[in-house]
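Just so it is clear, A, B and C label the chains in written order, and each chain counts residues from 1 on its own.
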């Protein structure tokens, strides 16, 4: 499906939620959100060489992957996303003082550098797994309610809800635009080299963005009219959430204690 | 996924606690001020407009154009949002876009979100606003001025945000300033041109189709002056400070190493248990690393094994 | 002269596994105007997307004797003018001129040639004088005509139109039908508008569940009420 300067894009943007009925799926969204954040904070607090922390946290994320019935493969495959950004951490390999393990020219790879680099890699990789399990087992509306329960301002919650409502419609619109552009990206009868100038191509993409924005403004007028028609008065009201079941609270407390324990362990053993 | 407009969404694990805390505090403060201003404006159609605009910016980031070979240019959209709805609403629009990218598509970390918000929703928007206003003040309100100021705002929002990103990595000790600043700044000086051109194309379309929309971002509540000043300070400050930091990378290291409260906390805990040393831990540092990596791999192997066994058991059961 | 379109045993499954086309074969002579009807989800749009290689399934597609494959895509896209259902998706430039000029500019043609192509294309859809207009402000019917002009500017051999009459008021629909009757290119028109089919397109292909279930003379097939009902179509009132 390639060919031409404007290749058809395969940006797969789907709702990451994977329906299911596992223990993790049934866990209250607020508990899941808090525990995910606690796990990532625990990782962030760990020193680069706190291996015991990485091992324990990885055990947690992979257990969650299995318990959620998403499968370890699903989570690991998606967690490879972090790889490109690893480039940003590469220089640290060579930028730490200490005895060199290997050297090329000016660069010398030190133990401290290696330790810090691997620390960054593991931390981001494990954090990513936790976030993947969270969003794959929690539908967006539940996440929004959880964020509201955690005192996120109502305006942000309602804006995010609206965005979510229209996001996939607009993604489809974008895909149709890209497809229409691709359909007219052709070669002349004499086979000459085409493609237009870089500036022209950027302007075309810009025109598509502009069209999308203009239509979205017009859509927002209609959305607003529809909200008014149903009695909207500028105040966002949400149904109150039932209190979390006891087992959820137990999981939350146990989880937080565990992460506190891991943090202390990391500090001691680093 | 992975259509991040720019290589600027920092994942978790790259930033130190101090940097994270500072970025979160600044971002939350600015978002709080923006929320208050917009609430006071008492125009309740804001949330439908901003929600839909956020979706459009989010989706619009997928509209690429090929640069050369396999690379392509994308949009971040901070400048466009600022020009269309003004700085405070744009802060919220970008906040939602960047947060959703982090939360649902793992584009940028959850803890690192504070820093990503600072770079894209605060620096990106403030700088875009300041540059846009200043250039217009110089050139007037002609069609050409709208386009030139839009291009300049888009380019500088990307460039200055990337400097902020580089400095955060440097302050965290993840990437030394003498590498991070020129690398990030250099790449984004180019990526910013793409942002500028797409923004220009979008403004040309909007100018032709719905010129009235370009006026919306102009009518601003009092206090935009604060954004103007803040944006100018951020742009000038980061542009001046980055080269300095880049030539004194050890200075930042020093901040990251010695003044991290974590280091201090660890030292105090060590003094509580002075003689307790794990066997094999305190000697060869490399051995520790190898042991750590082996530990991670063992857990990974065990889990994969367990998952495999589980699947087989299921298959037999069914 | 080669067939305008020649499709042999084409099958296609979407990445999610849904089988959209099953063993589809047919051919269009140059200048032949053919309707493609069937319920939503029958595979009509998917088939159109195969004609210029935006989707590529198993089997063979030829356009003007040129086999659709990686190295011919650029040429094939010029030979097949794909007109999408929503003109908003197709008109992404500020002005009508920019939109119609997209194809020729992309082909690398010189300025004079680009302008000539745009003039000709606008003339063909009776929209001369609209070059400087802003596409966004046009009526749906006008946008449809411009969308057709954007592909005519590439000098196609075949037009593939997806629901051309959808969303048009009666007058705009009548005007569009007149335009389609005038255009000399071969045409494959995916539509639910059987009245348009009866008037304009002498041959009809009926699709359902990814397969061609009937292919023949429009007047004959339109009288086969059992066939129409079986595939979710309503016979025309006579």
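A few comments on the model shown:
In this section, a contact is a pair of C-beta atoms (placed from the backbone, for glycine too) under 8 Å apart; a residue touches a chain by one contact, two chains touch by 3 or more.
On a predicted model such as this, the values are computed, not experimentally measured, just so you know.
Among the chains in view, A has its Cα centre nearest the centre of the complete protein Cα set. Put simply, the chain farthest from chain C by mean CA position is B. Separation between the centroids of chain B and chain C, computed from CA atoms only, is 44 Å.
In terms of their C-alpha centroids, the spacing between chain A and chain B amounts to 13 Å. Taking each chain's centre as the average of its CA atoms, chain A and chain C sit 39 Å apart. Residues of chain A in contact with at least two other chains: 5, 173, 177, 204, 207-208, 210-211, 214.
Shown for chain B are the residues in touch with two or more other chains, namely 204-205, 209-210. Counting partner chains per residue, chain C shows two or more touched chains at residues 92-94, 136. Residue ranges of chain C in contact with chain A, taken from their complex: 49, 52-56, 70, 73-78, 82, 84, 86, 88-94, 98, 102-103, 105-109, 136, 150-151, 154-155. Interface of chain C with chain B (complex): residues 92-95, 134-137. Remark: chain A residues 1-5, 8, 173, 176-177, 179-189, 191-196, 200, 204, 207-208, 210-211, 214-215 touch chain C in the complex.
Within the complex, the chain A residues that touch chain B are 5-7, 9, 11-13, 16, 36-37, 40-41, 43-45, 47, 49, 51-52, 54-55, 58-59, 62-63, 65-66, 71-73, 78, 81-82, 84-85, 88-89, 91-92, 95, 101, 111-112, 114-116, 118-128, 131-132, 135, 140, 143, 153, 155-156, 158-167, 169-171, 173-175, 177-178, 198-199, 201-214, 216-217, 219-220, 223-224, 227, 232-234, 236, 267-270.
On chain B, the positions that touch chain C within their shared complex are 204-205, 207-210.
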